[in-house]
Structure formats: C-alpha cells, structure tokens
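Heads up, the next two complexes both have chain A, just with different partners, chain B and then chain C.
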Partner chain A sequence: MGNPCAVIGVGQTAYKTKRLDVSMAGLLREAAQRALEDAGLDWADIDAVVIGKAPDLFEGMMMPEAYLADALGARGKPMMRVHTAGSVGGSTAIVAAGLIQSGVHDRVLTVAWEKQSESNATWALTVDSPHSTSLVVGAGGYFAPHIRAYMRRSGAPDHIGTLVAVKDRQNALKNPYAHLKIPGISREMVESTPMLWEPIRYLETCPSSDGACAMVLASESAARSAPNPPAWVQGTSMRSEPIFFAGRDNVLPQGGRDAAADVYRQAGITDPRRELDCAEVYVPFSWYEPMWLENLGFCGEGEGWKLTEAGATALDGDIPWNPSGGVLSSNPIGASGMIRFAEAALQVRGMAGEHQVDGARRALGHAYGGGAQFFALWIVGSDKP
Partner chain B sequence: MPSSPNHVLEFPGGYTRSVGPVIGRFLSELRDGRLVGVRTAGGRVLVPPTEYDPDTGAAVTDEWVEVGPAGTVQSWSWVPNPRPDHPLDRPFAWALIKPDGADTALLHALDMGEFEAGAEPPRFLKTGLRVRPKWRAERGGGIGDIECFRPEVTMINAPTRLEYTLDPGRALSRFLESISQGRILGHRCPVCDSVIVPMKGMCSRDGVPTTEEVEVADTGTVTTFAVNNIPDPRAPEVPFVSAYILLDGADLTMLALVAGIPADQVRIGMRVKAAWRPREEWGPTMNNIRWFEPLDEPDVPFERIKDYV
Partner chain C sequence: MNREIAVVAFVQTRHAADSGGLSEVEMLAPVITEIKERTGVHRFGFTCSGSCDYLEGKPFAFVTALDAVGAWPPISESHVEMDAAWALYEAYVRLLHGDVDTALVYGFGKSSQADVRKVMTAQLDPYYLAPLGPDQVSLAALQARAYLERAGAKEDDLRAVAARSRAAGRDNPYALHLEDPDGSQGYDVAPLRPYDIAPDTDGAAAIVLAAGDKARELCERPAWITGIDHRADAHGLGVRDLSRSESARIAGERAGAAGVEVAELHAQFSHEELILREALGLGDDVLVNPSGGALSANPIMAAGLIRIGEAAARVQDGTAAKALGHASSGPCLQQNLVCVLEGEPRG
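What follows is the complex of A and B.
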C-alpha cells in the first residue's frame, strides 16, 4: 500500500436542485476552499490536483481539467482527470491517494462534482449508436430488472426498498449538506409515490443535485501540521468488468466482491459488519442497500434484506449505512462517490456533526458506476495503518 | 378595448415643453448614454429626477450622481397582449426598476425575450431580478433613448454536435448482415463454450477471439424485467416492459421490449417470441424485431434461468 496517506481536509457544497448563482468553476472552488480551510492550507501549499466528473456528455463538457486549472490553483502543477462513470468520485480519491502513497507528493487536492441542473443524464445515458444491438434505457430502466432479479433470488419482501428510502431520508435530516429533506418521511409516504420503473418507486430513487465535494490528502509528515484530526487510509481498491458477458452475475457482480475482498485484506478485516463502525455506500435506488450488503460481504448471499429489515443499518443499528443520507438524499452524480469517501473520513475524524456515529474508528467508503461494472472502495480509520 | 378608433385628435407637430435645468440635465445625459439622478438636501438620489424634493418641497440640490445603468426590479406587471403603441410588439413587463445607487425606481419596459402572444409571465420574472438598459444607437434626449431593459446575462447556451463515421467492425457487421435476413447469429467461445449473442468476435470473460458462428432461435425466456412508466418513443405505450431475454441457444441475455400482453402479467420465466417488422422494412438493425410477444408455452422454472440474471 506504500506510504501512509491521511485525509486532512474535507469540503462540500450544500447539495441543491439548482446552483444557478455560480459557474461550474465557482461550484468546485467553493468545495475546494472549504477543504483547504479544514486542512489549514492555502492554494500554494497544494502539490497536485486530481479531479473527477461524470461522463462528458452529461454536461457536454470536454476536458474540464483544461478549463478548471485556474479555479483549482493548478497552474504550473500536475493536474489530471479520472473517468469511471458513476464511481468516478471514489476512483478519483483513490488516484489522489496513490500520489501520496507512492511518495510523489505531500499534499494533493482532489475534487469531484456535477451540475445536474445544466446536465442531461437521461439523454446522455440513452444516446444510441447506429449499430446498437440492445435497447438503451437510462439508469432506472437499466437497474430495475436487476433489482427484480434480486428480489426473486433472495425472496426479499416488497417493503425492504421502502425501509431504506425512509431510513436514508431520516439520516439526511441530520446532514446540513443533504439535498432531499423530507420531514416526517414515512413508509406510507414512500409507498404512495408512483412506480417509475417497477419495482422502483419515485421516492426510492435519488434526486438530481448540483454540488461538489473536495478533499485534501496528505503524507504522514504533512498530516502532522494539520489542525484537525486526520483520517488514515487503511486500504483502497478498484475493479471493473464488462457490462455484458456470458455468465455475468448482474445482481452481485464479481467486480464488487473482488474489490471488497481486496480492501478488507489490506485493512486486515475479516468480518466487515463487526469490524467496521459505519459505511457510506453508493445506493442510488433503495434496493441497492440489501444488494450491496451481500456484495460487500456484510452478510451471506440472500441475507442482506434481513439486516435492513432488522434495522442493523440504521443510524442506531450495529452497522450504520449512509448516516449522511447517502445518494438517495443527494446525487451530484460525479461527486456522489467522493461524498461517500469524504463522509467515511468525517466519521472517523469525529467531525460528522449531528449524523456522527458515536466513537466511529473505522469506516468504509464505496462507489459504483456504469452498469454496476466499476467499483471503488476505501477504508479509512482514526489509526494510522 | 375597441379594435380601432373612430375619431382622432392630434396637435400639429406636437406641443413644445421647456424642460428646465433639472429634467434637461437628465435628458441630456440620457442622450449621451448615461443614467443620472439628482441628490436632495436630505441626501436621497432621485431617478428620474424631480425638480423639487417630494418629501420636503425644497428644490433639489445641483449634485448629480451617475447611477446604474444596471438595476433591480422592484415590481412588475406582465403585458401578455401588447397594444400597437406599446414599446414592444411581443409580451413584456412594465417594471419599476431601481438603478444601482438610486433611492427611487423608474418605470420602463422590460423585455424578457421571445414569447407567444398571450403567454404567461416567465418564472424567472420576479422582484429582485437584475436588469440593464438596452440603449438605442440613435438617441435624441428622451426616456425612449432606452429602448427597454433586459435581464442581466446569467446563462449562455453551448450547442454541441459531434459527427462520427462509425464502423461496427467484423463480427458485428456479420451479425447485422444476418439480422437483415431475419437470422440471429452468435459466436461460440472456444474456452467456456458459451454462445455469445450478438457476437463481438471475442469472449469478454475469457479474453479470447471467437469465430465459430452459431444461429440461435428467435424464441426465448424472460429472465427479469422492468415495467416502465416513463414514456419512450420506441415503446408502444405506457407502461411498457423492458426485459432481459435469453434466446434459445444463447448464453447471454439481451435487453428488449416485451409487448402483446398487459404489463402486470409479464413474469420471470415467461416464454416469448420475436415480433418481426414486415420483411420489406428490414435493414441491418435490431429494430427489425419490433419487440417480443408471449408464446403459449409453460413458464420456465426460475432454477433453470437463475444463472443468467
């Protein structure tokens, strides 16, 4: 894993439907500035910048790294862009961590964002090539059949998705940055919303958000002078797999299992449910909580929904999932993965505010993207590995 | 409002009006493309100026202040159907606009862009909107030297168009050639023995080239599906069903429409058959198959398809 790497700064914008008051550069700058303040650093202290966003067609922005160099104080410094669809926020953080772990840099700024109000994800996800041999249906249309297959395979009762939709929105009420805040959110409320892509109901999907998230990562020596407690990176892992191939498990993809096994091995974890204190996991449709519980080894296959049903993943459960409210409450697509990673860091730094999990010392950050084919995970802890 | 007058009274040439030093200064500045206000003894800046302070009745001072020209909408009234003598011939707003640096607002026309006659006011027209004057090129010293006000620029449009020449490649070309003859082709992987439809000339799992062609049936089994309640131009109606279908003889499912059955009766394990478009419409495209329709056969038990979901 190389040299120790610490998260010493986290910055987020509030996630909102529309941030028409700022340019894209202004949006990122806001998150980056807050991360620098948390780290007690200024622009000149940063050695390199790593950014990530959703695919180019979402906002029609090609080569954002060229446009954004000034806004991120990157003139004359190494700057790169990472590109792994919806998991990009996570893999961007991992690439940035790699620059510290390799000993190349001491302080790296990493930023991910999306301005969905000026983007068109549905269009971008349904552009068709003249030689396409399969129906092209947007994100909900793509994931709904796999959720149905999970329900059939596991025998999960219909209301499990509703429980997650309620739980994550209850958590969001404690997070000042969260987009969807629905006071009094209840099962009845979720169940009264229409089916968009059956079995997915309206309130079982994520919102469209504008927002950015940034982190400052530091080497051991640089972390020593940080004003706030660091989160130490204890493991990172990425995997990918093709979207269509014979024998693919679309419900619990091999890439997800392998990435989880890899990151647990690095962190010395054999029982994630017991050894982790909380997890921020990419759940854009409520049913993906029980599915990822299984894929990430928090329980056996077919058992994930039982953990959700028993309240194990609630803020007061034994393994809280998405105390921040998760992707179901805020979804600036390109940033959503980095928000998971950053929220995991905030938890082990004891800086998560009202949604802090008491005494959290080790947390998982997770992101996935494409047709559930790109996976990025990290484990952060209050102890240096 | 009568459609046209039946009597007109017009003073030849128009009356003359001496404007005096205060109004005269304001109009002269307008002609030069500047917006100014006059200060009262109490320190307020009046735009447009009055000769005497409406609060105290005293003469205003001779101190002039350049204001704006940008300002903020204080209040507005939408005109969905402009009259012939209105300053704009499309829907617009009359607005009270307070120029930056002024303590009063002036009334002017606010052009919100292109709207059909009778349109509702746009949602972005609201108190607090930032606006700027559109000056006429030729000015004569009148409030009409400002043609109208317009919102400040807050958004630009970036048209994007990319042109490609796409080549499907060898394997997919063969597939498309066969589909244009009503046949569905796949490749058998020499390592895992899977039949990959449509073929790509390789097995993604084993990373080996594939060449052995296998024809598969146009019948198959629904492995899983979604009921879509959001309209799609390719779908027959809402709700429509998109389903993963395992064609008989294939080892890879494909996503396709299912129709010819109410959405709430589609099942995992349901047997289906391709509904082809009329032969004369066939081309090298999967669209030759309009959708899949139910076959009158018993459902396949989940056990037999569970490894394909």
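What follows is the complex of A and C.
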C-alpha cells in the first residue's frame, strides 16, 4: 500500500438539476476551494491535480483537463484525468492517493464532477457506433433485468426497493448538499410513481445532477499540520472485468467480490458488517443496496434484502449504508463515486454534521461503473494504518 | 518509495493511414497477444490504458478494449482519457507502492474514423473558444508563427525537420512511409505546409513495466526509468508565450533530461520539435526521432507511449546509454511528459 495517506480536506458543491450560475470551471473551483479551506491550504500548496469524470460526451467537452488547468491552479504542475465509467469518482481518488502512497507528492488535489445540464447523458449513452449495436435504453434499461434476476434468485419481496428509496431520501433531508429533498417521503409516495423500467419506479432511481466533489490528500508529514482531523486511507482496490461473456454473473459480479476481499485484507477486516461503522455505497437504483450488501460480503448470498428489511442499513441500524442520502439523492455521475469516498472520510473525521454516524471510526467508500464491471473501493479510518 | 522500474517490452502495430474495417479491439488484440508472448507474463499486477471516446464518436472506448486484454478473472485496472504515456505514468506510480511487480500499459486510436483536426476543437474552452471553431492545425500555425518570429527561424527549418523525420520513418517498418517533402506544396495553414503536419494514423501500442529483479528476469537489458515527470501550461493561448514550452522545460529538468543521447519527441507539427528541443536543452549532438516520430506515424492516444517505447528500444539494443521519450497533450503543447531511460539503474 506504500506510505500513509490522509484525507485532510473535503469540499462539495450543492447538487442540483441545473447549476446555471457557474461554468464547469466555476463548479469545480467551488468544490476545490472548499476542500482547500477544510485543509487549511491555498492553491500554491498543492503539488498535483487529478481530475475524473464520466464520458466526455456527457458535456460535449473532450479531454476537459486542458480547459480546467487554469481554474484548478494546475499551471506548472502535473495534471491527470482519470476515466473508468461510473466508478471514476472512486478510481480518481485512488489514483490521487497513489501519488501520496508512492512518495511522489505530499499534497494532491483531486476533483470529480458532472454537469449534466450542459448536455444529455442518456443520449450520450445510446449513440450508435460503427461496430456495435446501441441498446437505446440508458442505464435503467440496462440494469433492470439484473435486478429482476436478483429478485428471482433471492426470493426478495417486491417492496424491498421501496424501503431503500425511502431510507436514502430520509437521510438526504439531513445532508445540506443533497439534491433530492422530499419531506414526508413514504412507501406510498414511492409506490405511486410511474414504473420506468420494470421493476424500477421513478422514485427508485437517481436524479440527474450538476455537481462537483473535491478532496485534498496528504502525506503523513503534511497531514500533521492540517487544522481538522484526518481520515487515513487503510486500503484501496480497483477491479475490472469484461462486460459481456457467457457465464458472467451480472447480479453478483466477481470483480466486486474480488475488490472487496482485496480492500478488507489491506484493512485487516474479516467481518465488514461488524468491523465497519458505516458505508457509502454506489446505489443508483434502489435494489442495488441488497445486491451490493451480498456482493461486498456484509451478509451471505440471498440475505441482503433481509438486512434492508430489518432496518440494519438505516441511520440508526447496526451498519448504516449511505447516511448522506447516497446516489439515489444526488447523482453528478462522474462525481458520485468520489462523493461516496469523501462522505466515508467525513464520517471518520466526525465532520458529517446532521447525518453523522455516532463514533464512526472506520468506513467504506464504494463505486461501480460500466455494466457493473468496474469497481473502486476504499476504507478510511480515524486511525493511521 | 525508491524502487527501480524499467520498460521491459514494447510492441506496436504496423501503423496505417486507414486500418480499414478493423475495430479497435481487432487492432489492439495482436499487440496485447504479442507482448504477453514476448514477456511470458499473462497476468499483470496492474493494467492501465489511454484512449479517446471522441475518436470513436461514442462513450466508453476503453470498455470494449478490455476484451483484447483478457480481463478474466477480474484485473486491477485503470484508464486515462489521455495519451497512454500518462497511463504509463499512472502504472509507474502504482509500481512504486511495492506490492506489485509488473504492469501492462496500452493505447490505441483510429484517426481514420474521425476528422481529427475538427474533433480536437472539442477540447478547447467550451464557452469562449470552441464555439468559434478554431481547428487544431490553425492553432498550431499560430504557435509556429510565434516561434519563427521569436527565434528567427525560417520555413526551410520546418521543412528540414519534416524531411529528416520522413527519411527516418521510411527506415522504420512500423511507420507510414512518406515521400520527401515537396517544398513547392502550398500552405495548409501558413506557415505550415502539409508535410509539417502529422499524418492521420490508425494504430496501437503496448509496454510492459516491471520492477527490480522482475525486470531483470523478463529482459536482458531493461530500460530503467531514471526520471519521469509531467507538467501542464495554462489553457488560454493568450496567457502563455506560445513560442516556448514552459511545461516541457520543467518536466525535462525534473526528469533529468540533461545528457540524453537520443530523444523521441511527440511533435505533431514540425515547429513543435524545435520548441521542444529548446525547452529540453537538446543540443545538435542529440539524435532526435530516429523512428521518424509523430510526423511519420501519429496514432493518437498511442503516439506518446510509442515515443517512450522507441526510446526504451534504443537503450535495450545498446545504441544509447540514456534516452528520452516525450509525450504531449492539449492544444499547442499544453501538457508535456518526459520519461528518461537508462541502461543501468542510477546509483
């Protein structure tokens, strides 16, 4: 894993349908400025900048690091752009952490974002290409059959997805940055919304958001002078597998299992449900909570929905999942993974505000992407590894 | 972290102006197969690639490329939407952590599927510059003019770069084989003539990095990376001196470019080589682009990685003790990466 690495600054924008008040550069700068303030640093203190976002077609801007170099103070510095599909926010944080863990740099600024209002993500995901047939379904149409397969395999009752949709939106009411805030959110309200992709109802999906999330990562010596408590990186892992081949388990992908096993090994965790205090997990469609509970080893196969139903993943449960409200409440796609990683850090720093899990000392951040084939995970803790 | 890391293998396609009906996966697969056979390594500790969705005109160019890699069981993998030289940098940093010993890096691009000079407009400031529609060659011509005026160089100096590059390219079985520049050709965008501009090229390349004893085991004469650094300049063309490359100068200094015998420069226009020579302090005694450089074959997203591979090849075949590979990204050399390779590890 290399040298110790700490999160010493976190900055988020408010997540909204349209941030017409700022350009893309302005959006990123807002998050980055807040992360620098949290870290007690100025632009000149940063050694390198690592940015990430989902496909360039989402905003119609190719290789955006070129344009963003000026706004992110990268002139004369190293600047990189990571792209690993929906997991990119997590992968970007891991690449940035790698620059600290390798001893190359002491203070790295990392930012991920999406400004969906500048273009149309569903269009960008369904354009035709010369060599493959477009599915013309967007992400929901792609994942719905996998959810249906999970329901059949596990025997989960139909209302489990509804419970997740309600729970995450209740959490979002406690998060000042969350996009969807629905006072009085209830099962009846979710069940009354239209069916989009059977079995996914409108309120069981994530919104389209504009937003950016930034972190300042630091070496041990640089973390010593940080004004606020650090979150120490205790493990990171990335896994990828091909999207289509016979025999691939789309419901519980091997890549997710392997990445989880890898990151638990690094952090010395054998029982994630007991040893972690909370988790921020990429759940863009409500049913992915029980699916990922199983894939990440929080319970046995076929048991995930029972944890959700019993309230184990609620803010007052034994293993809160997505206390921030999660992707179901805010989804600036390229940033969504980094928000998970950053919210995990905020929890173990004791800086999560109203959605703080009392006494959280160790938390998981998770992101996935593509056809549930790219995985990025990290574990952060209040103790230095 | 202090760890010796080397280029142990480099494979590229025989680049073509148009690879016809080959998909990216079909173009890449033989390269990956060959580099696995050559190293005898079939599972790598880390894999990283560089590609560009805008060349394909659809999102996720790198997702289908995984089919060529053999990512099963699942692999530890990442991707940059940049030239694969930056993927090599990410892999190099990953190897510094000490827990893995090998990394596969690859890049690929099919320029024939797109109008590159127009596509590149999409990487400009989306509010103030891209809507005006300046194309890549027009911006390069601004830089060429700024350089010629500041340095007192002539258009003949540009043609000399093109002539030397094309002659070298004709000796390189992987490059396009282009005729001697014809000085009577008119301008494309003044002061650049068609031969001053890198040709549209389809191609792919891969490199295997290995650390310490693993590198010695996989390769008789590893090309050790003794310095690697990359830097960015401002995007706004009006706020930097276009006739110079400050980012290349810093990257060269930090990577230890002084004393190299061979330099492979990712110059996509003749004048870029002259700007880079100056920024990197390369004297007349330095052999520049013996492969023919990007002016002889420029498969976008792989061309920078190929420069590092070609520089490493000079170290591996013993013709150079110290060589440099350079990659560039962004309009008018906005970002520059310098990788210095040596036959024996430093110290």
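In this section, the second predicted complex is superposed on the first by the 379 of 385 C-alpha atoms of A that agree within 3 Å, B and C clash if a C-alpha of one lies under 4 Å from a C-alpha of the other, contacts with A are read in each partner's own complex, and residues count from 1 in each chain.
Just so it is clear, a contact is a pair of C-beta atoms (placed from the backbone, for glycine too) under 8 Å apart; a residue touches a chain by one contact, two chains touch by 3 or more.
Computed from a prediction, not measured in an experiment: that's the story for all the values here.
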Touch test for A:Leu196: chain B only (first), chain C only (second), both, or neither? first
Just chain B (first), just chain C (second), both, or neither: which does A:Arg153 touch? first
Regarding the shared-chain residue A:Leu20, is it in contact with chain B (first), chain C (second), both, or neither? first
Is A:Phe245 touching anything from chain B or chain C once the two structures are fitted on A? First, second, both or neither. both
By the touch definition at the top of the document, which applies to A:Asp271: first (chain B), second (chain C), both, or neither? neither
Looking at chain A, does chain B or chain C touch a larger number of its residues? C
A:Met79 in the overlay: touching chain B, chain C, both, or neither? Say first, second, both or neither. second
Considering only touches as defined above, state whether A:Ala144 meets chain B (first), chain C (second), both or neither. first
Taking the contacts chain A makes with chain B in one complex and with chain C in the other, which residues are shared? 60, 129-132, 242, 245
List of chain B residues in touch with chain A within their complex: 154-155, 158, 160, 166, 168, 172, 175-176, 189, 192, 194-196, 198, 203-205, 223-230, 232, 234, 239, 242-244, 251-252, 254-257, 263, 268, 285-286, 302, 306-307, 309
Sort out for me which residues of chain A touch chain C in the complex. 1-3, 23-24, 54-70, 74-85, 91, 94-95, 98-99, 101-104, 118, 124-125, 127-132, 237-243, 245, 253-255, 258-259, 262, 370-371, 373-375
Chain A to chain B touching residues, read off their complex: 20, 60, 129-135, 137, 140-141, 144-146, 148-149, 152-153, 194-200, 242, 244-251
Chain C to chain A touching residues, read off their complex: 1-2, 23-24, 47, 52-54, 56-60, 62-64, 66-67, 71-82, 86, 89-90, 93-94, 96-99, 113, 119-120, 122-127, 130, 229-236, 239, 246-247, 250, 329-331, 334-335
